[in-house]
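Naming follows writing order (A, B, C and D), and every chain is counted from residue 1.
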């Protein structure tokens, strides 16, 4: 670590914590998960960036949506995302979460994931290489530094919209709203 | 303050509350509470007195004597306080039952007869009160119908066996020494021959071991505890079972005296060694059997058997340390087992008598006071530092280790570690985990149940942090038995081989908790969430099916269940069956056929004449 | 002086514990032929967790964690590190034994209220495992106490200082072996990492912990490592005259433990119980019998 | 100084006068036994203080013994006659309401005869006279057993009759042999001359007499008639049979053994026999579901206990035995009386039919419970001091053998406890099936129960009340020489 690193540390320890200990919830949505094992094991060793997979969303602060998202999976994704403690960061992995990708005309997959949960960064490609994940992580660092990785805040402030989208998709949801659905707009940041 | 007055208050309270129940029921409960509380208060004034006075001469020329000293006072105090608390607890518990007058009569009668036992100055009155205790308890155990009948039957048969052997023992004393006065006997008996002393120990030991549920004579206890009304469990488990301990102290240390009683018997089979080993076996076996129970009260019953083993281990070796440990553990166990039964009772009261561990859960949100009671209760039961159980267990372990019995100490310790498992099971299954839908609306326990629980919880903490308060009394008991006095401070015991200082631990724990609390407060505040909002791989929580209780320690169960069963209980059941068959067989002798009957008569005559002519015995 | 010790001991233990956690991750990475995280990674994690918003399932859920960490801190005060032993005269070994079981008990209580089966399963495994290794551990400790005829751990250490390490002295040799055999179970590392099997029951009792709860739990885990090893060092490696030597001994023991951790897979719980109740117990009992024979 | 003859004469006379009263009015008939036994009880109580000083000997027709027939009202006799009068009185009061159908006159007459015979047996000093009174007792009881007139009653009466006849004939043969040997029938005189005779020639009549009396005394192999007879008689009669009749038989055995033959060397045999009787009786009772048979078998057990106590033959033991006899009369009488009304109410003798009796007839159930506790020997009831004395006496022998025997005896107590507590549980802790309205026994039925309970409690709490009489009675049985001296002067 160089000097200004240390100065940053002393300025905002919490933010540095968020940067350098990104614990990813190990959630397999689609084929993209194939790329994750090489990333976390000896070949690319994500742990040197502080990125390790954890078992439960309660302990995680990074959510990798790996591959296409079917409607059924989306429900689980939303619950998991809501159970993660904020600040939390989401990265869509592969082209399917972005625009449906090769499932663009499937009746059963989501085309645009960020209608339902906020996404802080995208990794395009089908499949992206493991290095792409590191690029995403370093990019996420810069976003965190600039306070631009604010997906959880957007979710908080626009929750009624997200909820509306979710309910439009699923009908009635079986879990109560995460935030009160009234008085949303004033409390951004 | 004479002892006669105390007993009159005790027994009179019992009878009067019955009469009030018949005449005007609304003042019965207040009267019962007032009389028992007044009894406890009067008992407190008796502190430190030693007196002895005959109170009745009418029985076959044997004067019946009441006497008190520190030992009797100690037990009597515990009995009266726990009795009063149980009566308070009963107020709501039995309110809408039937035959509550009978219930109160027997409850107070059992209490009063226990007081009679500890104050008895001679064996006749001891035996009389013992028997009154037995049958009143029997009637109360059978109070809940159904399976309670079998439990009561077991109890009464075993206690008759015990009292029969005690009768033989005490009458042999009478036949030899011509007196049953305990003080006189304690002068005469120590000079008896070893064989006779062993004879005495066996006879009295059977009686007291049955009452104290020492294995292999424990079989009455689990069912009796499980089936009797939970509000009576306070009396039954707290002190009534421990009358056996009082008896052991009486026969070993008062009558025979430590000098003769210990190291009595050949070689390794010394009396107190055998006693200690029985205690150790009791601890281990009953602990592991308790682990396998799924019924809250059965579980507590088995654990009570095991705790009895600790007391026996404590008093078996006749060191002042161990004796203090044994007596203190009797008190502590009484306190926390009563507390545990009370919290179970509160739960039963609110959930419609539900005591099956697998179908409860999550009640901490509904009945916090009961939960705190249960938590402190199991803390004492485990012997967590700063609860009372720790001090007494510490004394017992230390005695065993320093006396050079590491195997016994191992049994005691492993008993404790098994006890953690079932204690956690107890609390987790009832209070933690998922709250079932049908208990969502359960209300918290009524005040008459919360009050005793709160009092007992405070007592547990008090004795845990300042153990010197009771230990000073116990120390005087030990010195009255002729042991050298312990170096008791208010917070522990000082000695060169490892001292105990609870106040240090207390201070350290409090400080650490405060520090950790501050650190925790520094972070962002935690938001409370509903119990449905837990991690289930993103799926929705299935209602009522998300509470992991059944086969909680499954691998362990599979390992130990073949070896830890209540073999003796099963054997007793078999024995009863065999007796039944034998009786039926003998009954066949009376064939309804008159010829046989006449034949019996003639054969009897012929036999007599034949024997006389052949051997001319007569 | 006493006050300084009381303040100093937990901080030292905390530092050592966190250092051990970091070292563990680094060494494991190197054994896996990876580069591995910086050695300060656990500290970063803890900082991050403290800055996150956590959820609480109720009061017992909170108090349990606090209680367990507090008890670990208290336990530090009973363990002599070198010459530092603040609460040397407050009950000795037995208190240590009991306080040792408080930390998992607190975690168990708080995890129990989480109403999550994974937590309950993890706790049941934890307690079962504890019973498993307590059987030999109690025999070992009783052998030590019977041999040195004292309950105070400080006296045990000083006696070893005067004579020789218990591990190398004749009567306690077998007990030491047995202790080494169960040490991984006490530390909760593989092959006995059954309690928090992340892949089976999603990290067991900690499944609902996030934010500051997880931070406290992590610290407590570090302290647990410290305690388990320190107890072994004190009882069998003769403690030490001064803290540096003591920590050196601990480091050696810990690194050996790490190699075991890296080399072996995770056992199932009944396999673990079968192992613990067979060989270590047998050896420990033989050791105790030897001690008794020598004592007579 | 009143004359003990009245104790026999009044009931006997009233018994024969009873049909005449019947001619006057049917309704006063049933009060006659009450009157008779009130008189008897008062008289016996009045006699006790004099008797304690000196046994009263009455020569019938002025011939001094050994020539004339005489009555010896010693402590034993008066004690027994007081007991008989008490039980007779209470049961007579009970019968006022209980005996509703059947030939009532005959019932009361036979009842008076039975008890007159019993009194005669305990008071007479002449062995043939004893036989005669014994026959009065037996025959009237045969008739009374068959009183209800159903099949079971008749059958068991026949059985009882046959066995009793066999016994009586043995008894008669034995008496005949004795008369042939010594030419006298006066007990004291016989007792005096026994030593002179050779052992075997005395032995045969002794054995014959013991067997004959043993049938009535329900000693082990001779007691097969008892369960049937006791269970199929009316409850009032069952109370008298097991409260009085077998006790009187036992008295006769004891009198013959102790006083006439002084057969001290047979006591060991009788101790074993007693324990055997006890165990078999208790075990059979344990196996019973029929309440009256259970009580009957339990009386066999109690007889065994008393025989054992007597066979220890120390003053303690005899006191204890006599006390046990008293407590058995009280307890078993109470149990049969209560059981009578419970059977009447539930219409069945099965124990299972008594479920919920604690609610249906509370006082009766309470009385039954107290009687059961007393028989088991729980304080503070009368059973406790008596058992206390017996155990103490057995242990005072300081022989291993007696310690073992007393252990067996107390094992019997355990079994007894088992079956009595089973009944108590059924009474109180089983839900009443069918009608459960509260309807207790009629007053005339409750009064004797209450009196029995009062006696049980008072004697249990203050045994000194009777202990003096029992002591002197024991000494009379124990020292035959004094008996002989007091009779023959």
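Methods note: contacts are C-beta pairs under 8 Å (C-beta built on N, C-alpha and C of every residue); 3 or more make two chains touch, one makes a residue touch a chain.
Because the structure is a prediction, the values reported are computed rather than measured.
S.K.: I'd like the most central chain, judged by C-alpha centroids against the all-protein C-alpha centroid.
M.R.: Per-chain C-alpha centroids compared to the overall one single out B.
S.K.: Could you please state the distance in Å, as a whole number, between where the Cα atoms of chain A are centred and where those of chain D are centred?
M.R.: Between these chains, centre-to-centre, one finds 98 Å.
S.K.: Approximately how many whole Å separate the CA-defined centres of chain A and chain B?
M.R.: Each chain reduced to its C-alpha mean, chain A and chain B end up 59 Å apart.
S.K.: Could you tell me the distance, in whole angstrom, between the mean C-alpha positions of chain C and chain D?
M.R.: 79
S.K.: In angstrom, rounded to a whole number, how far apart do the mean CA points of chain A and chain C lie?
M.R.: 36
S.K.: In chain C, what residues contact two or more other chains?
M.R.: Counting only residues that touch two or more other chains, chain C contributes 50-55, 202, 207-208, 211.
S.K.: Counting only residues that touch at least two other chains, what does the list for chain B look like?
M.R.: Counting only residues that touch two or more other chains, chain B contributes 533, 535.
S.K.: Where in chain A do residues touch two or more other chains at once?
M.R.: Only 56-58, 83 qualify.
S.K.: Can the chain contact pattern be summarised as a line, a ring, a star, a complete graph, or none of these (other)?
M.R.: Drawn as a graph, the chains match no named shape, so other.
S.K.: I'd like to see which chains touch which, written out pair by pair.
M.R.: After working through each pair, the chains in contact turn out to be A-B, A-C, B-C, B-D.
S.K.: Hey, which residues of chain B end up touching chain D in the complex?
M.R.: Touching chain D from chain B are residues 58-61, 127-128, 131-132, 134-135, 138-139, 142-143, 145, 148-149, 152-153, 156-157, 160-161, 164, 167-168, 171-172, 174-176, 579-580, 582-584, 586-587, 589-590, 592, 594, 596-598, 600-605, 608-609, 612-613, 616-618.
S.K.: Which of the residues in chain B come into contact with chain C in the complex?
M.R.: Counting only chain B, the residues touching chain C are 362, 364-365, 371, 375, 382-385, 390, 394, 397-398, 401-402, 404, 406-407, 409-410, 413-414, 417-418, 420-421, 424, 427-428, 432-435, 492, 497-502, 504-505, 508-509, 512-513, 515-517, 519-520, 522-529, 531, 533-536, 546-549, 552-556, 558-559.
S.K.: Which of the residues in chain B come into contact with chain A in the complex?
M.R.: Residues 530, 532-533, 535, 537-540.
S.K.: Over in the complex, which chain C residues touch chain B? Could you list them?
M.R.: Of all residues in chain C, those touching chain B are 6, 10, 50-58, 60, 62, 65-67, 69-71, 73-74, 77, 87, 89-95, 97-99, 101-102, 105, 108-109, 112-118, 120-121, 123-124, 127-128, 130-131, 134-135, 138-139, 142-143, 145-146, 149-152, 202, 207-208, 211-213, 215-216, 268-270, 273-274, 277, 288, 291-292, 295.
S.K.: Give every residue of chain C touching chain A within the complex, in rising order.
M.R.: Contacts found on chain C: 25, 29, 32-38, 41, 44-45, 47-55, 198-199, 202-203, 206-211, 214.
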